[in-house]
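Submitted below is the structure of interest, expressed as structure tokens.
Letters A, B and C mark the chains in the order given here, with residues in each chain numbered from 1 onward.
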Amino acid sequence: MTNFEYAPALESTAILDIASQYGLFINGKFVDPKTAQYFPTINPANEQLISQVAFAGETDVDDAVKAARNAYEKSWSKLSAAERGKYLFRIARILQERAREFAVLETLDNGKPIRESRDVDVPLAAAHFFYHAGWSDKLKYSGLGNDPKPHGVVGQIIPWNFPLLMLAWKVAPALATGNTVVLKPAETTPMTALLFAEVCQQADLPAGVINIVTGDGSTGSFLVNHPDVDKIAFTGSTGVGKAIARAVSGTKKSVTLELGGKAANIVFEDAAIDETVEGIVNGIFFNQGHVCCAGSRLLIQENIQDEVLEKLKRRMASIRVGDPLDKNTDLGAINSAEQLSRITELSASGDLEGAHRWSPQCDLPAAGFWYPPTIFTGVTQAHRIAREEIFGPVLSVLTFRTPQEAIEKANNTPYGLSAGIWSEKGSRILWASQQLRAGVIWANTFNKFDPASPFGGYKESGWGREGGRHGLSAYLKGEK
Amino acid sequence: MIVDGSESSLKSFLSGLPGVDQVGAEARAAMLATRSIKTTSKNWAIDTAISMVDLTTLEGADTPGKIKALCSKAVRPDPTDPSVPSVGAVCVYNDMVNIARTHLDSIGGQYIPVAAVSTAFPSGRASLAVKKQDTQDALDNGAGEIDMVIDRGAFLSGHLGQVFDEIVMIKELCGERAHLKVIFETGELVTYDNVRKASYLAMLAGADFIKTSTGKISPAATAPVVLVMLEAVRDYFGMTGKRIGVKPAGGIRNTKDAIKQLVLVNETAGPEWLNPGLFRIGASALLNDLLMQRMKMRDGYYASPTYVTLD
Amino acid sequence: MRVDVKKTYKLYIGGAFPRSESGRVYELKDAKGEFLANPCQASRKDFRDAVVSARGAVTGWNKATAYNRGQILYRVAEIMEGRTFQFAEEIVAMEGVNFKEAKAQVEAAIDCWVWYAGWCDKIASVSGSTNSVSGPYYNFTVPENLGVVTVFADQKSSLLGLVAGLAAVLAGGNTAIVIASEKYPLSAITLSEVLATSDVPAGVVNILTGYSAELAPWVGAHMDVDGIDVSGLSKKAEEEVRLAGAENLKRIHRFNQFQSLGRIQAFMENKTVWHPIGV
């Protein structure tokens, strides 16, 4: 008997042409930062330098906002809606043409498996532009009045977990509705946004319609507090989301927020077990668990707990952890040392508080940031790992006895972004999906995204929706 | 004992099985299809796949000459390369069993079993007496494996006991002499729920192998169907400690498809199933493609059909 | 000569009419500066009690079908109609307008109830959607209630602004705590008497009178409040509410139209449900 080993099937990085240093993308051109400062961005899978990226300070952000304001007044708002849409179509097409390049660069900068960047992030990003392109000249049908107006200059701050996809979620609707944009990518994952700037150049997008300022939290803060920004759209942690809400409390700025979550993934006794196990795995190990809507709290009906856990563990043993550029890799690198230490710290609290940790045998690479797929059983509602967002490949397993108990436990959190339901009984699924206080309910599936499907949270998971008709209202001034 | 063979015990056991979500099962199978196999693994996979082939001809036009040629190919798939392994079995109609057995024995292929399709293959529409006689004939002519079809009509109309009893009876005839493969014709069962139920029903009735299709109906051995059957043998092993084999048949025509099947086996039932004793692929054209890919791996350039033997 | 029997104006919490736990009242003068009444000056503890009552009523109010909620809101309009004279008299006294103008406002308020009543079972059709996702999934978005909403009623219009704020919140399936206009609180109290005798379940509406600016920070900071209508607050108080409300990301909105779909939508969440399509 031979072991059926998959040999490494590495995606080549030869397709990339990475400069040693990147400026800020302001008014259609790459410019040197007035701070004269650059910071490194590294590959989290091996800690090697990818490039040096400009650090935008207050003056740089101001330049970017001025460029956006100028473009809004002089070009973008003068363009007919249909023409505006054509630019978005162009961008969608160029993203498709250069999909491979984007996928490889995303995996390099973020650490996610190439299978995911290739099959999920990049195609979905292109789909978001394609979808919103078509909205541009149909806004009067969006249910927001006969002639809904854009806000003007939108400041957008995006996270590191889906760098290009979050850019698309933000930029596509903003442009389709006639706003101009200043975008701040995450500190650890600026690369695909900078490549996207090239796409905008290839698409001949008027200068200043999109401006990209790289930097850290301080850069984001300059953007949030800039007096000439009309609207802020942020995806990231609930802590920063609240800080933004406070920062704009005395202003007229409109705000949308996509924040954290601690989703319950509820498995009823009549679930289709094998597909449920796939859903559990996809729910928590997709993108290393760096997903705000991850199914991080597994709630299993007590009478099928043993069967589900046995199958889950067996399935977890087949998860392939390793080089993100390997097409066979299922679980890639943790995005940063900082995130790894947070995962490690929260997981340690699980041990301390008496939960039982289990991981399959897996060899982690020596360099880079890695965490094995992990589950904790014997978790109660009071454990930190049942309440706080770990944002890593760590699943907390709880049990319930009745459907009512499942819902009570699921809703017992300040978050309300997503939830999962696994059952073969239609009426139970509809009942549970009504009872769950969350913005996205996945029944017999998990972690599915689509530009036509509104996404966003209840409670402290945020304000507003992204995607679909509902997502447009974030970028238009409706009547109320 | 899990069931006592009665209609009611079968019904309650099979209806207690968890359902299969179509979209989820298909998504899982599609994800596994993205696994990339390279170099040494690929060499190993191609040879393993060759050894798993049930080299099949099930045509009305079959002649003794064709059967003999097939048997020669089964023993030595590539006459120019003795390192190519023999296939798993030769699969023929009942009246050709004797010819195949005799020829295999005469060319040094004693170790290759002859599989006979049985029980009024492919429709299964005959009296029980005829089905039994059909099987008995095959066994008497030297069949080492019986590929029986289930009565899909009985299954779909809920006469599970009848289907169960037929399998039990054929299994009794096979005894120690022959392995029993039970064909579901999954294209007629239509749903994955039915595939799962049929899998358990056959295993409980004594099947040594469960097999997707006759090859006469499309769709046949799709990846999700095989996935569901592999889950069934895996879980049945967990329940009973017995390993049942799986045989996809129909629609697996090239190396890429065959390797996808091996990936399915590896990641679903596990590496224990990756041998001809527990996994077979019913095919005819597949073998030549495997041989061509093997040449490509060996020689470093692409092969031509000219250099593999026609059936 | 008959001496009038004057009404004691009280709070409305959980279907009962308590006085403020603080025992405080404030002197309300009419448009001419004459004494009019001593409405309660609700305290933060009264507000806290109102939140408990409103939270307790959320589940029941949502269990009612949307059709049923629509009938209940319409019933409020019916009962108000019978009290048109009383509402108008109070408006005349507080606002100093003539009876005709006051009556017009009452009628507009009644019509406003009717308008929002009709929305209850249509909001999901208009505000929801089915979404064509790229895959074998059925995907739909439905609006759902937000939960407990505090309404700082419009300061300038005694009754109409109050009704617009309240009815929009109720139509969305929420329960409400209304902080009445400081200068014109009597309409709110009379409205609570209407609500008590209509079919609105206890706790679904709670009405407090007092000083908005005093209550605002407590409303903003209360962690069991989900949304706030700040239409009746000064800009300064609104900022305070927004600052405090950031702690649990309350949905905070100011409105400038009495009848608008946006007013209902502002206090609703959108839930998107995915399910595979298969056999």
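We adopt the following convention: a contact is a pair of C-beta atoms (placed from the backbone, for glycine too) under 8 Å apart; a residue touches a chain by one contact, two chains touch by 3 or more.
Everything quoted here is computed from the prediction, not taken from an experiment.
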What chain is the most remote from subunit C, judged by the mean position of CA atoms in each chain? B
Taking the mean of each chain's Cα atoms, which chain ends up nearest the overall Cα mean? A
Two chains joined by the most C-beta pairs in contact, as defined above: A-C
For subunit A and subunit C, what's the span in angstrom between their mean Cα positions? 37
Gap in Å, rounded to a whole number, between the CA centres of subunit C and subunit B: 70
So, what's the distance in Å between the C-alpha centres of subunit B and subunit A? 44
Out of subunit A, which residues touch more than one other chain, so two or more? 444-445
Note: subunit B residues in touch with at least two other chains are 21, 23-24
Within subunit C, the set of residues that touch 2 or more other chains is 137, 276
Within the complex, subunit A is touched by subunit C residues 126-127, 129, 131-135, 137, 139, 141, 144, 226, 239, 242-243, 245-249, 251, 253, 255-257, 260-263, 265-266, 269-276
Per the touch rule above, subunit C residues touching subunit B in the complex are 136-137, 276-279
Of subunit B, residues touching subunit A in the complex: 18-21, 23-25, 27-28, 34-42, 44-45, 48, 228, 231, 238, 262-263, 266-267, 271-272, 274-275
Contacting residues of subunit A [partner subunit C, same complex]: 127, 143, 238, 241-243, 245-246, 249-250, 257, 259, 414, 429, 433-434, 438-445, 448, 450, 452-456, 458-460, 462-463, 465, 468-470, 478-480
Can you name the residues of subunit B that touch subunit C in the complex? 21-24, 26, 190-191
